[in-house]
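Below, chain A partners chain B and then partners chain C, in two separate complexes.
Let's look at the complex of A and B:
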């Protein structure tokens, strides 16, 4: 019986992917809405106009619903590292735990405290003080995302740590290297600003609904103006930063970039086409059909006109020597763990950089035991492991393209909306308003597909080059995994249903001006939670 | 005294901003870009809102 059950590994991956994707339905909206609220409240403080305060309060209420449910969905993932990914936690916990702990402090102490002040402080704080609190909420929500992305940056490009053969774990060398890792930096900026796009589309889409239904028109027109401008600049920034991230992937994770581009063979000329669409077949390692634009790929990926981009088949071949070295490293490590002699340690150090490839070969060894590989079996094990070094091309290729095509669609939509808002012709463009409404979930989808690109493209590694995903999982039985997977799916679907119900309910009711309204029984004097339907709309 | 305190407060903010810019510029260029870019995005959105009010005022005066 194999030590690692591939079905358990697949179910663990599915469960983590499911919880992460569910959680990520909420996160981008939180990241973006806080910044939009800051912009709206700044306008209120500058102009002194009541409508901007009402805008901040109304959109703040929708943000509050999203935040409350979103936080709950994120909690389980931190526990999953212990329950489903115990080998991962053992191997990199010393490094990975630090940013995760700081994220917990950011989210539950800084962010939650300031959110409380933001919601309940309208009548208790001065205008500038409340504005400062709103900015702190925006900063805190984005900073909590920063630490998660620093942790993820380590998985993509493990910097600031080294393997200790005595403890058999990765250990911290440099906190600064971890925090300032180029991958973490680029990913944070790209993800955070993708959240801004999501927030802007949400505000624009709901406001478009009000214009279409002839309600709250002054409120909606102002909201669209601010959201369209905010969204347009954010989308331009996201596309630019995505290019920076692609350049980093070319330097750090060539298998990911080759999978994103559906590139099986190394490019030999600057005329190599960038594939707009293709049907990559992972089994035959070729594209069944492809439509490409010549002379785009090389400058896009390498930022030059003459460098070649390695293809997946060549990258597989290049992994062969690393696999052999990795097997030697594991062998030396096993010897060192029993003898602690200098010779084994020296041999291990010689091949240490390729240790991860030795782990990767383990799944193809007889009984998952590298020592059991006979010289006659070795070429077959190496060849099989070479094939395992590349991610699923079909998934990575299309996840990236859906994200990217949506990104360009957002630029066009925000640009048109900003233009018609400036021309005061929004209400004449009902088609555009309807498009805004139905586009509300599109940035969330783009974020999800971006996340799939990043994570699927990193495979077969959980920590790139060091720890294969199949070795990072816990040992459970299949029944336990299926049971918990179904439990998560049901629970999270309930969360989504609650979110959609509340969002639709409060978005349909629309904004209220609470200034001259008497509190309704049970609502106290809290304007954020005042019941709708009784207030005068002083700004219309 | 109040003006002096305000001046001192702003001077401290300026100092922190400069230190942050130097540190971020050297070690975390993308973090620095995020700080500057996010500030810019918010301010331009605010400008869009303020411009809306100006356009409205102009329209009212014109009619």
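Let's look at the complex of A and C:
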């Protein structure tokens, strides 16, 4: 069984990473905006005030511009498991495909069918019926996050399936374990609420622009108040869930948590510092420099003062016996695949839990053949494979820190905005308003770095402990990959250009309604792209 | 084991239902996209055509997404192999598909002529290309596909993508699929549209229905001479699902008709297909739009079951290593997985069908150009 060309693996990873990160530029805003739209429309239905309907429709319009690309690029994600990760799909499809199918049945149909009515049904549905539709869209988009993260949770911590040597794949055996995987549940809440933060920042930032340009002031002030309070609560929840995830990773993925903390050596005392900044060097397996705060790391990760946290170098050493077992498991499995004899099956069963480490060792075996390793070569193969068991520390360490620092910045920003909004002093704080405007992309950035932490930190595995990423790819030739990468680069660049153009155009244009006159003339009142005739047109 | 066999057969049937639902619902939107430049001569007319499917295209598209997800879960090996083996074609399908949601949402948000003209071309591409590829995939699968597996189940490619792209039989199937989608889309444009869209759509839909019937007949004759696949070894339908070490498979010309010869009742499927296409076209001429729409769905159901009955139990035969062909017996998920999936399908499909019908009911009636042009929410 020859390995896939490493260039093809790298290009497949690059394509998946780029398309997933691109898709995830749009998802958090969708998750958050559906909730915010539901809240705004609820206020409209209860108070009957036109301004809340205007808010719902205006933010709904911006939501739609964002949503379209989210839908389009989501299609790519579903295809890519099959088109580029054939071995992954074969290996875990029996358990990983199921939440994706349920996501379609339970969430996508509901979201997509009702979103049509949400946009087109204003005049055809009663107020409560339309409100119910908006709630169903919000519920559905968050349900879809639940199911996709259950699938992702299986990659992080494979629960609910066991390996079947007769079919050479993971076989689904516990729906309950799959769905209630702690990693999946914590990550679902963490990710969904991160979306709420993104939505809140978006509404707050665009509204701040109206206050700064002296337009739609009532509309903007109301939008900011809702967004700031909603954003503050959400960010606090995100941080809490992030802490829970860290605790889980400590238990389930020690290599990830050690990489996140730049921890090369196991901690021996509670005084171990939490690194604020460091320059981890993956080659020398040490930090070139580090600045830390003592007595923070141990309680942060273990929620105790006395437990130790394993460092990467010690984790690598601990993988040695697993690698030896894994090689035995794979050898026995290969034997069993042709003979189907009881003896090799028994040998396989004995070492089954470590089979992933055998897959991992294959790239270091002479001629990529685990059977061909001589006893003399074995120590070198094991030693080389030990180094392969940990993720890239520099990337994981900094991706996590950027996400986390941004999170604390959001808490401060939302808190200040909520305070000044409640005191009706927003307009005097032009600096804060400008900060809100330029902070619009920051939560999206934080979400992206969150993903990088989760997925880069999971390496070298595509399914933690079972299937290494380089084994999971499809056996394409380089030309295929170049073709698809160039196509994605072109199409996605055009999409984002069109998206930003429309976002700016419609955000500048601002909300319009019967109750609100056309934009107040003044500095920057007329949007750059808007034609005067269009600006004066009513929204209804 | 008997339960496992039953589950495998149920999921093979559900696969057919899913592929039919996808073809009818997504095909309808694709047909409208393809026809957009032809039924609408000016911007107002094109916007009217777009807004006829505007409230529904997103929901319809989920049939396509669910198709992918359900094949992933219920037929993991089929998903892993077919998506990779057709890589270049699949990526082309994807590129054309992903233009569509963006085109809907963005086209009418800018007034410039060139902007809108560009997106109108995107509708044509994103309507026609996926339907041609959808049909061509059936054609390629009927002919057998070049692939084999290593001992871990990793698939290996056995053929260049050019043989999938430049393949006359497959291209013919692609044109048939496009014709049916034009029929379905045209019929829906008649249901919700007014003149002049109505008459233009009627013309295209009628041509689509007739062309599909002609190709269906030619394709049937072609398949009767095509190489089919038959088991020569002992088959155990309750086998563990793996393409490795399965029974021997032989390649024989005309073998795809074996099921029909053994069970003549299966001829009902192609008959149903022809009835759908021909009676549907007749219904269009008589302005029986609702009937014509449903007859289009019958045409799809007849066509897809014709292919399914011909191939059963084969799903995707391997031309380079026939004994590793994917079948209903060796390519499904585990019994546990199929059971849970069946439960979710049984609960949610009726719910989905009811709210989808309700959504069509809410948006019922003719879409008029005046309302579209004055409504800022419209596409």
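Note that the second predicted complex is superposed on the first by the 507 of 540 C-alpha atoms of A that agree within 3 Å, B and C clash if a C-alpha of one lies under 4 Å from a C-alpha of the other, contacts with A are read in each partner's own complex, and residues count from 1 in each chain.
As a working rule, a contact is a pair of C-beta atoms (placed from the backbone, for glycine too) under 8 Å apart; a residue touches a chain by one contact, two chains touch by 3 or more.
What you see is a predicted model, and the numbers here were worked out from it, not measured in a lab.
By the touch criterion defined above, A:100 lies against chain C but remains apart from chain B after alignment on the C-alpha atoms of chain A.
In the superposition on chain A, A:125 contacts chain C only, with no contact to chain B.
In the superposed three-chain model, the partner touching more residues of chain A is C, compared with the other of chain B and chain C.
Shared-chain residue A:46: touches chain B; no touch with chain C.
Within the superposed three-chain model, A:226 lies in touch with chain B and out of touch with chain C [touch as defined at top]. Contact with chain B, but none with chain C, is seen for A:234 once the two complexes are overlaid on the shared chain. Of the two partner chains placed by superposition, only chain C is touched by A:337; chain B is not.
Shared interface residues of chain A, touching chain B in one complex and chain C in the other, do not exist. Of all the residues in chain A, the ones that touch chain B in their complex are 35-36, 38-40, 42-43, 46-47, 49, 52, 142, 176, 179-180, 182, 185-186, 188-189, 192-193, 196, 221-222, 225-230, 233-234, 237, 241, 244, 418, 421-422, 424. Of all the residues in chain A, the ones that touch chain C in their complex are 1-2, 4, 57, 64-65, 67-69, 71-76, 78-79, 81-84, 86-98, 100-106, 108-110, 112-117, 119-122, 124-125, 164, 166-169, 171-173, 175, 334, 337-338, 471, 474-476, 480, 483-484, 487, 491, 495, 498, 501-502, 505-506, 531, 534, 537-540.
Looking at the complex, you find that chain C touches chain A at residues 51, 54-59, 61-62, 64-66, 68-74, 76-77, 79-84, 87-88, 90-91, 94-95, 97-102, 104-106, 109-111, 150-157, 161, 240-242, 244, 333-334, 336-337, 340-341, 344-345, 348-349, 352, 355-356, 359, 362-363, 376-378. Considering their complex, residues 27-31, 33-34, 37-38, 40-53, 55, 59 of chain B touch chain A.
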